[in-house]
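Listed next: structures, encoded as structure tokens.
Note that subunit A is present in both complexes that follow, paired respectively with subunit B and with subunit C.
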Partner chain A sequence: MGIQLAHKMSSPRRAFHRLSVDRLTLWGFLFIPLTLIVVFFVYPLLAIFFYSISDMRSLNDPPSFYGLTNFEWVLRNQFFQLATRNTVVFVVLSLIGQTAIGILSALILNREQLPGKNIFRTVLLFAWIMPELIVASIFLMIFGNNISIVNHWLELLGLQRVGWLNDPNIALFTLILVNIWKGLPFNIMIYLTALQGLNTDYYEAATLDGASAWQQFWALTFPFLLPTIVTTLILGTIWTANVFFLPFIMTGGGPLDSTLLWSLAIYRTIFQNLQLSRGAAMSVVVYIILLVIGIAFYRLLNKTTTDA
Partner chain B sequence: MSASAHNSTFRPTRANIVALIYMVILSVIMIFPFVWMLATSFKGSQLLVDPYSLIPRNPTLYTYQALLGDPLFQFGEAFRNSALSVLVTILFGIPLGTMGGYALARIKGRWVDVGLIALFFLRMMPSFVTAAPQFRLLLAMGLVGHPAGLYIMYIAMSLPLTMLTVRNYLLNMPAEIEEAAMVDGCSRRQLFLKIAAPLARPAILTSTIFIFVNFWLEYILAAQLMRGQYLTLSILLVGVADPTTGRFELIFALAVLIALPIVILFPLIARYLTSGAFSGAVKG
Partner chain C sequence: MRTRVVTVLSMLMVIAVMITGCAPVVTVQQGEDGAGSGATAEDPVELTVRAFSFQLKPDRGRAGDQLRAWAAAHPNVKLTVQSVDDYNGDVLATDVAAGTAPDLVFAEGSAVQSLLTSGALMDLSPWYDMVELEQDFLPDYWNNFMSYEDKLYGVYQDTEARVVYYRPDFLAEAGLTAPTNGWTYAEMREYAKQLTTADRAGMCIGKEGYIELAMVVANGLKFGEDFTYDNDAVRSYYQFLADLVADGSTPAEQVGLTRDQCAQLFAAGKAGMIFLHSNGITTYTSGAPALLTPEQIGVVSLPVANAGEQFGTFGGGFMWVVPAKEYTETQLAYIKDLLQYMTSKDSQVSYALFRGFLLARKSYMDEINRLVVEDPGVSSSVVGIFYPAWIEIAQHNLTSIPRNPNTTVYRAGLAAGLEAIQAGQSVDDAVQAAEAYYEANKK
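This part shows the complex of A and B:
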């Protein structure tokens, strides 16, 4: 019977049947991955919202309605305020450094006839692929308190030693420096790729008109790069706000909480102080702030691409 | 493109020389920490006498022998556990993610777009946020401290990136081959297995690399969901990387051993990350 039916391919009913079976198979492909994502990834994210309005003081407390008291606590908490201040400084300075050095390097290196370009690309890729945990372990020694190769160099030059990781006024900037180093390969590669799509004819015309390199950059290159910059900043903001191992390994948030970032504050509140609901409220506040920044950048992106 | 673009020989103009010097300096800054790590790992007990040289005066394999030979460090166990979690994640995450990515490339509709945006944000979610509810989930399933619980989490957390990478790659592939095969009576399952999956090979390999790099040193879930029942390399490194112990040569030797698989696979990694499939993964 089935074989006979299979020959009546042209009937509309048969075609409809085939179409719906086809659609069903496609959704079937999605079923297991989607279930796994919803159960083990989406549900935990939603659960954070429920925890934040409960009063859970350990990892196994049952949730119970407690209102917005945790949010009040978070917003008044001086450690969270300190972590917010530190994270804003960390993210803003890291992104400015990565973007500025990234674009500058891409502009300098964007010429086809440089020898050793492939080696350079390999080096960038290698530094980019190394896990944050390994990078943090290495830089713990480079800027360390006992053994510090940077201080050794400073002494060779006849300069003073610097408390890279144990001076509360400096430690955060040391972490920013390491984070700029860590994000630089990605930024250089992105801007080098973007610059390859730039039409050089305009520059020849601009040079003939007597425009300086500085004027050419702001009139031609910068507007051309703006969509790439905004996209990279969206990714960079989230990545930088998620940086965990640099303070966790290199400073432990110290000295005097000067390198306490949101990531470490949330981790400690939940897993060391076991204040699950308060940590959940922190997470919610942090992700609302990041979402607002993300939407603002996204609007800027739409504006820059429609203007261009 | 200007005429100079076609000229592949290096002309020593001032701008070119500045660019070359800049490139060399930047390369040194990017590679120096790893070179110093390698050098220090061979210094053994000489470290305190000779901490800053790039070439150890008396290179010794002592630290490596201690790490690999002394059962106290449990390096073998940590290595086996980390390797096993990555392998299991690839074994299940890649086929499931490829199927899901293929479906996302072929189903059209507003819900798919919403789902894609959700996947994009999910893959950005750090595990210090999700780890607590994930811990409670495993607790309810009786899987806290059981490796299977960790594997399930890794597989689920690897899926968004794999699905997006495969989907973006297949979207740029011409659909004509599949349409022609469909007219010939190929079922969706055959289309996927015979045409789409082989076509998506670069995207699949890129995703495999990402799983390896992302989960090889995963720390927060391994530490919090396994509660000391499952020693991984990341837990071992975090335990050793304590500046108060002063055993820097140990930290570096351990970091070298942990980085070794990444270094060995690096030529393959470099090939696939510079291919087109990578841009799909970044754009998300």
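This part shows the complex of A and C:
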């Protein structure tokens, strides 16, 4: 009896000790990412909000409360409105291109019999990890005004040169083309991974029932991919809306501001026009817009997941 | 338990190494022979100098050699040299605000304007004879960049002039004689037309705020006081550009090109004339093989609207500044020594002749003027060949950038109007585009 009592008394203490060590370890591991999040996300976010309600031209100016005047300026600013229109077109067309071509490419790469499949996948990986800055520099040579590889080949074929980056009616679409190229590898890999989780028995049954490839796609593949599509669209929207190096290197926002996107408008306001607070207010407005879009997409994702 | 502790400690070490190991600095290697001067102190000290990347490259920058020579003469100083790109005013402003600024900084003059008036730079007047300096430096640089409220906040290293470069070989083909300083818009327009061929533009304009500014100030604009665009000064400049476009001398392909891109076309023989800063051409005359030989380059002033008007240029330039922060007495002694070494006559003349920059200090220019005549090595070099022409044009330096928060925006507005002209729009459209830009972005 005494021995049993002694045994019962030591167990809770041991359990408490074990729980404390586990909790300490857990928080120890969490401490690093939490610190990084606070330092590199929370603090800059709070700083930007603070600058946006101040009246500062640069970091050297003393902060002074300015209310919502900067936000009024942003919403009435014609260049921000132009940047918004350009960014919406840029994002929508980029995502349509990346999604459509991404799914098609994934379907092709998912075929068992496709020769050189592994080579394609390796090449995709190299294209995906190429930094945006390098992509922009390369495509500047391909489409640019000085060195234009595409125009050189057009001339050799007896065709007229095209102002890919200096015709205000074309420049934005050239950037969209490049952005689609840049984002394709990621989309292809995501959809390819999703497709590999699809049970092929369904397709065999559909084939036996006489369904065409197109019918199989809409009835089987697309509903299955829908949650993946929505997730990829969420990420794609945020990433594409924040693209900076592509327009900065290739066009600088021109010609005639036809490729002025949010990122360049903010850069121009803060670093070229030396108006820190106005630029910060612009950043906050963009952040709120993307937050609303993100929440809307997230609800759509929940709905598609539930329906599936 | 032990495994968990080891894992956590390992992760912390990895993160610490990642955070501390990422600073893009270059530590100057000591041990080379070279000149050095002045004070030494016994205590070891660390100094950080920030300079432009083009100054530090072995084949194109003399400043790197000079810093190495100074470091070799001061073995108890650990000199760290940071390399940054041009127009680093925002980087410097951020560092000053964060308290992480280097000890001596080479910066573009207009970029430090806001710092100069906000107490972020150290007063250097105790280190110099202010009376002598004021008389020796070109007035615009003294008044607008270096001094403020009777204090000295920077020492100018060099400047440059805005000029027109032309291809004498193409002029000869077209049967044209070399233009002369003070030529008019009409003359330049005619030259551009004559130089235009099927595969060559007569003129490449290039988007560059200083050029537009120089042209309209020469036309009579009171820069810094007049922030309008609908005036004769701006309109006559835009009309000149519109005429070039209408003549086909500047094709639509040039829309959005920068001055450096135009210079590339010029070097490739695809443009007969360009606007450029004076020493910008040395990029294309150096290297093996060089893209351009001196015989393929002619230099002349920016044109004027009407015959007999005074042509002008617009000097940019770079200066040494010392951010205001806590320094030890020893550090201050070395910073002073290094600053005076880098701005000494020998250093600046050597740097200017190597890089093709002009000097804003009159007594130093006398030495260069002597060398380009008497020293065969200098007079036969590209810089020596063109230096007299640059100096002639630089003597007509127009007013520099006054301290007004909207001068940068005004300049950018001029460039917005220029782009409209390049795209084939009318002068009225260009003026409206410039006004719209200014109204939308002014403070």
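Everything that follows uses one rule, which is that the second predicted complex is superposed on the first by the 274 of 308 C-alpha atoms of A that agree within 3 Å, B and C clash if a C-alpha of one lies under 4 Å from a C-alpha of the other, contacts with A are read in each partner's own complex, and residues count from 1 in each chain.
We take it that contacts are C-beta pairs under 8 Å (C-beta built on N, C-alpha and C of every residue); 3 or more make two chains touch, one makes a residue touch a chain.
These figures come from a predicted structure and were not determined experimentally.
K.L.:
On subunit A, do subunit B and subunit C fit together or clash when superposed?
P.N.:
Partners clash after overlay.
K.L.:
Based on the superposed arrangement, let me know which partner A:92 touches: subunit B (first), subunit C (second), both, or neither?
P.N.:
Neither: A:92 stays clear of subunit B and subunit C.
K.L.:
Quick one: classify A:123 as touching subunit B (first), subunit C (second), both or neither.
P.N.:
In the superposed model, A:123 contacts subunit B only, not subunit C.
K.L.:
I'd like to know which partner A:159 touches here: subunit B for first, subunit C for second, both or neither.
P.N.:
Once the two structures are laid over each other on A, A:159 reaches no partner at all.
K.L.:
Examine A:79 and indicate which partner it touches, taking first as subunit B and second as subunit C; both and neither are also allowed.
P.N.:
A:79 contacts subunit C only, not subunit B.
K.L.:
Which partner chains sit in contact with A:29 here, subunit B, subunit C, both or neither? Use first/second/both/neither.
P.N.:
both
K.L.:
Taking the superposition as given, does A:134 touch the first partner, subunit B, the second, subunit C, both, or neither?
P.N.:
In the superposed model, A:134 contacts subunit B only, not subunit C.
K.L.:
Please work out whether A:272 is in contact with subunit B alone, subunit C alone, both, or neither, and reply first, second, both or neither.
P.N.:
Second partner only.
K.L.:
Is A:296 touching the first partner subunit B, the second partner subunit C, both, or neither of them?
P.N.:
Touch partners of A:296: none, neither subunit B nor subunit C.
K.L.:
Which partner, once the models are overlaid, touches more of subunit A's residues, subunit C or subunit B?
P.N.:
Partner with more touched residues of subunit A: B.
K.L.:
I'd like to check the shared interface: which positions of subunit A are touched by both subunit B and subunit C across the two complexes?
P.N.:
Touching subunit B and subunit C on subunit A: residues 25, 29, 32, 59-60, 145-146, 270-271.
K.L.:
Please output the residues of subunit B touching subunit A within their complex, sorted ascending.
P.N.:
Residues of subunit B touching subunit A: 1-2, 4-5, 7-11, 15-16, 18-20, 22-24, 26-27, 29-31, 33-34, 36-37, 40, 47, 51-52, 96-97, 99-100, 102-104, 106-107, 118-119, 122, 124-126, 128-137, 139, 152-153, 155-157, 159-160, 163, 187-189, 192, 213, 216-217, 219-220, 224, 234, 237-238, 241, 243, 246, 248, 251-252, 255, 258-259, 262, 266, 269-270, 273-274, 279, 282.
K.L.:
Under the definition above, what is the set of subunit C residues touching subunit A in their complex?
P.N.:
Listed in rising order, the residues of subunit C that touch subunit A are 1, 4, 8, 11-12, 15, 90, 93-94, 96-98, 114-115, 118, 120, 207, 252-257, 261, 264-265, 405, 408-409, 412, 416, 419-420, 422-423, 433, 436-437, 440-441, 443.
K.L.:
Under the touch definition given earlier, write down the residues of subunit A that touch subunit B in their complex.
P.N.:
Interface residues on subunit A, with respect to subunit B: 22-23, 25-27, 29-30, 32-34, 36-37, 39-45, 47-48, 51, 59-60, 105, 108-109, 111-117, 119-127, 129-131, 133-142, 144-147, 149, 152, 181, 184-185, 190, 193, 200, 204, 235, 238-239, 242, 244-245, 248-249, 263, 266-267, 270-271, 276, 279-280, 283, 286-287.
K.L.:
Please give the residue numbers of subunit A that touch subunit C in the complex, ascending.
P.N.:
Residue positions touching the partner: 21, 25, 28-29, 32, 57-61, 77-79, 145-146, 161, 163, 165-168, 251-252, 254-257, 268-275.
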